[in-house]
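Shared between the two complexes below is chain A, which has chain B as its partner in the first and chain C in the second.
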Partner chain A sequence: MGALGPALLCFLVMFVYPLIRTVMMSFHCLPSISSRSADWEFVGLKNYTSLFTSSVFHSAMGNILKIWLIGGVATIVLALLFAVILTSGVKWKRFWRSAIYLPNTVSAVALSTMWLQYVFHNKFGLLKQLSSAVGLEGLAKINWTSPQYLFWGMLISYVYGCVGYFMLIFLSGIERIPRDLYESAILDGAGSFKQFWHITFPLIRGVFRTCVTLWTISSVNFFTWAKMFSPNINVKTVTPVYLLYNKVFGEANTGTVLDAGSGAALGVLVALLVLAAHLIMNRILKEEELEY
Partner chain B sequence: MKMKKLGTLLLTAAMMLGVAACGGDSRETTEQGNQKQEENGQESGQEDPGKEAGQSGDGEEIVLTYWAQWSENETQASVLKDAIARFEEAHAGVKVEVNWAGRDVRDILRASLDSGNKIDIVEGSHDNLSLLGEEYLMDLTTYVAGTDLESSISAGMASFAKSYAPDGKSWYYIPAQPFVGAFFYNKEIFAEAGVEAMPATWEEFLDCCQKIKDAGYDPITVDDAYLPAMNGHYLAMIKGVDWVNQLFTDKTGELWSDPAILQMAVDFDELREKGYFAQTVGSNVFPAAQNGEFALGTAAMYYNGSWLPNEVADITGDEFQWGAMFFPAPEGSEYPYTTYTTGCQFYGVTKDCAYPEEAVALLAEFTSATTQQALTDQAQCIPVINDVVLPQNLVCVGELMEAGTDSFVWCGCSQEDPEIRAIFNDAFNELAAGLIDPNGFVEKVQSGVK
Partner chain C sequence: MKKRRKITGRRVLGVLRYIPLILWVLFFAVAFGWILLASFSTTREIFSNHLLSSGIHFENYVEVWKYNNVGHYFINSILCTGIPCVLIILIAAPAAYVLSKKNFFGKKLTFNGFVVGMSVPSVMLIIPIYCWFVRANLVGHLITLVILYTAFNVPYTVYFLTAFFATVPSALAEAAMIDGCSEMRALWKIMIPMASPGIITVTIFNFMNIWNEYFMALIFANGNDKIRTLSMGLQNIITSMTYTGDWAGLFAGVMIVFLPTFILYLFLSEKIVAGVTGGGVKG
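Here is the complex of A and B:
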């Protein structure tokens, strides 16, 4: 207990206390997160009901659902594909591994700026130039920062920034699988796909579950990319955390009416969402006994 | 068993701490703060008899803590460091400790004050610092009265800062660095297109745009970050700031059926339809239009703040001929055409500051001619005092302010609900991109905010 005490105390003070305070705040109207409790006005479930009837909240939830589902499938499939290729004896493995992971070493702000101002630029962007060069005029005409495509442009660039991270996690899981399993499968005449489907995939279910959980948390907390793609809050790219930030801290030079109580309610809903997603994932992807 | 009990005890203690923390506050209440001031004789401007210049009552060194909105590596910080050195030299025994907090100060200032941090001087944008109000900040009127600080600050900025005071006339906020919102333009393109007089009405503005288009340039470009400043300027011109504040906090949707909204949408849609907006407006994410169109000389006008010449200096070089013009008065405008939008960084002195005289003296140094000239020369800032020589690329802003007869707050709005803003921004982007028509714009905003 002596050894556990400081850690437990830190946990209680750093995690449990803010959680309790946030839940309490969510039932009150208050202008600032640090307002004295004497200044809090009890409003019951009003903060929650207001959110549930808000079209912006609905858009924010819809956006993270798309980020989680579509972005998640794209990221995990690409990451898994790269990990499988890199463990299949491909040449210059270390180079490719570093190259694919490289975007993760750059800050999200710098990376999103590169996509916005260079790759997606509507006049001389890389995507436009490349598409024109190979004759894909339809693709070249797409303006990825226009209202119709802004969300998808954001999602593509976000997936690009995440693939390397998840690839490394899959890579470590696949490399732990004994090679003799594959050798035996080859002797039995199994091809690459069969090896992946019957050996690799079942033996990295735990890693897969971890990746899905990590992706869920990052999707629910999606903020920086949305802020970069829409410096002023916009329904197209708004997410719960972006809305929460604007309700609690406001936007520069615009005189936002602050509402920390509503922000706290959003925070509680986001936390519940992560919890629910985690429980569902645990149920769907049950832990396997055999795992490396 | 013992461990279980200890764990329960710790958990209970932490929960009680949480409850206590929610209920308690290390910051003094307003009443306590007032009482403290009165005890110190500060409210009435009385001198503490035991206190000599540069020393606290007990003879110890005075330390002023200043939380700056600049990062330490910024030019403004370098100029302010020199000002602090001059102040400390002139006020022996007074030391200034600076927290170069940067722009993030807006997110942490209130919580830092609430948690009991000793902060004497705070700094932030007008919208952010004014949220602190009299609950946190001291009325400096008695300390400022009759000083150089009071006489040197330009009338326009003094009036703007006082308008944020609870009574609208006291010195709670000392203006630090103003900015002006207007159409910035490329004088060379205007000359080539034959635009001689600045457009005063919307009709004249359309003529001006046509001439520029005929000359082969995009008349107007703007980035997404500044669309709210431009359409807010329009709305405030015809309905006033108070109405715009009500509009952006109205969740019933009633105010959104006002004909002014449709009029604005129709006028901006006409700019797009006639090709006066660059084709990219509606899809420009800051700073694509600023750097890639206006600074490179393919577009003639760009709605922005007076920080623009400094931001694009590396692209425009010294040859760029800067112009700044008033927003043309729309039909039915309540304000004269010679109206510009403005905003300002403010300083404030906290209620618990034990040495307000010294704090005000430091702010007087920050707003002195020496510091203001250095800020203007080195950081391309607009001064808060008169008689500062402006660099060539900011002369147009000085001329605009001099010719201005009225001003209102940046974006024409000082109160907005973030949800309404999100809906409005989305709909306006679609209007600017030609994806919806003016009626569709009004319907989209109305249905969104209800």
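Here is the complex of A and C:
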């Protein structure tokens, strides 16, 4: 039993206590981040109400909604496509699997630099050269790092970096389905699409739910790519966590007023969104224990 | 006739299914291949699209390394990734053993606590912890990152190893305890070595995650050049080089950050892939 001690201690000190403390902070106005709780001024829900009425918060919520919906559909469709292809008996399956997962192992700083300084570059960029080569001048003219396209450039590169991870999760789900189900379906004359629609898809519903939940969590926590694509806060790419970072840890020269209480309120909202994602997905796709 | 058409249809589909795979992987290979070549060229060659036309310029790497403390960043990254990887196992493995092999009041609650801990966003925890570190005068020291990376990876590791210990037979450890071996000793000498495949898998997974971590490194290691990690260092190199217009050096910096995890991945891709899906899925 003593063996549980360190892990439990770590959990109580680094998870439970900070969690309670952040919730408390979100109802107070703090003179500075390190001020003692005796100096906190209780303000009730003011931190929340001033967030809800601020336009930058609306932009942040709108952005993660777009990331969640558009990026989510793209990521899950691509990941599922790759997982289905890889389980259809292709050659060099392990190679493809490792190669598609590879971007997930690269530091986001290096990966986003690859996109920003090479793929999207408006002088020697890969996209520009490719689209000029095939005669798509309209596409070649797009400056992906201009304010108009920055968000979409960021979303494309984020989705590219995420697909491998979701593909692995779908793969493990599909590989658990017994092969004889497919064999009897083939004997009955079912083609690839019918097999997918009538066997694979229904049997990986649980995995699908996991993926949607994980995607929701990662969209709610979206930060790194936003920070890489716009080092200074920008309404096009701001997200709740970016806003929190700026309010709590932001550098003084950016002109933001440091406000730990308001940052804590944002943290609570992010956590509530994650909780809601778990609850809603559990309700919608209620787990049915399928025997197979 | 109809049957034959169906067979050719299937064969066409059989070839077509390689196209998305090839395009997806080729894109990454071309992009990083180009960056590799660009990192050995001059900035003028990059802009005029004649990579390597004046031979290989290895000095890009030398300059980036020399003028930007990259060696220092490297050591920082190794320290604040390596130490947590060891500490996590020291904390999580015994806990996972207890959770999978023992029965006690509150076991389910404890286990669920760790599962919930896995999905608590770190932004929800980081503000009070930052406040402690400020008061303890620790901000600006690597130990902040060591503490955070250890604590925040314990729940998933406990979760992963609990599932793994369930597959390790406990008969050997029980026999040793009957022979008078203490439980702690049986745990460290018998159970943990037997669980080592799972421990290695989850450690590689933790290593990759911590090595590439961004949010906390930005908060705790960016202000002070002495404790910058490799990713933070690269970010600063990029910012300064886009100002000075040294694209060749910039791409050399990208390669320096890219190569360590890439080489690790070349050798360990099977283990890494297993770490992602092995113990269920990380939340």
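Things to note:
Note that in this section the second predicted complex is superposed on the first by the 272 of 292 C-alpha atoms of A that agree within 3 Å, B and C clash if a C-alpha of one lies under 4 Å from a C-alpha of the other, contacts with A are read in each partner's own complex, and residues count from 1 in each chain.
Operating definition for what follows: a residue touches a chain if its C-beta (ideal position, glycine included) is under 8 Å from a C-beta of that chain, and two chains touch if they have at least 3 such contacts.
The model shown is predicted, which means the values in this text are computed figures rather than measured ones.
Contact with chain C, but none with chain B, is seen for A:S192 once the two complexes are overlaid on the shared chain.
Between chain B and chain C, the partner in contact with more residues of chain A is C. Of the two partner chains placed around the shared chain by superposition, chain B is the only one that A:S55 touches, whereas chain C remains out of contact. Touch criterion met: A:P231 reaches chain B and chain C at once.
In the superposition on chain A, A:R21 makes contact with both chain B and chain C.
In the superposition on chain A, contact is made by A:S34 with both chain B and chain C. For the contact definition in use here, the residues of chain A common to its chain B contact set and its chain C contact set are 1, 8, 13, 17, 21, 33-34, 117, 123-124, 231, 249. Note for the complex: chain C touches chain A at residues 6, 10, 13, 17-18, 20-21, 24-25, 27-28, 30-32, 34-35, 38, 46-47, 49, 90-92, 94-95, 97-99, 102, 104, 110, 113-114, 117, 119-131, 134-135, 147-148, 150-152, 154-155, 158, 184, 187, 208, 211-212, 214-215, 218-219, 230-232, 234-235, 238-239, 242, 247, 250-251, 254, 257-258, 261-262, 264-265, 269-270, 272-273, 276-277, 281, 283. For chain B in complex with chain A, the touching residues are 2-3, 6-7, 10-11, 14-15, 17-19, 21-25, 27, 103, 106-107, 110-111, 113-115, 125-128, 131, 224-225, 227-228, 245, 249, 280, 282-288, 291-292, 343, 409-411, 413-419, 421-423, 425-426, 429-430, 433, 435, 447-449. Across the complex, chain B is touched by residues 1, 5, 8-9, 12-13, 16-17, 20-21, 24, 31-38, 54-57, 59, 116-117, 121-124, 143, 145-148, 150, 229-236, 238, 243, 246-247, 249-258 of chain A.
In the complex of the two chains, the chain A residues touching chain C come out as 1-4, 6-8, 10-11, 13-15, 17-19, 21-22, 25, 33-34, 81-82, 85-86, 88, 90, 94, 96-103, 105-110, 113-114, 117-119, 123-124, 126, 129, 160, 163, 165, 168-169, 171-172, 191-192, 210, 213-214, 217, 220-221, 223-224, 227-228, 231, 241, 244-245, 248-249, 260, 263-264, 266-268, 270-271, 274, 278.
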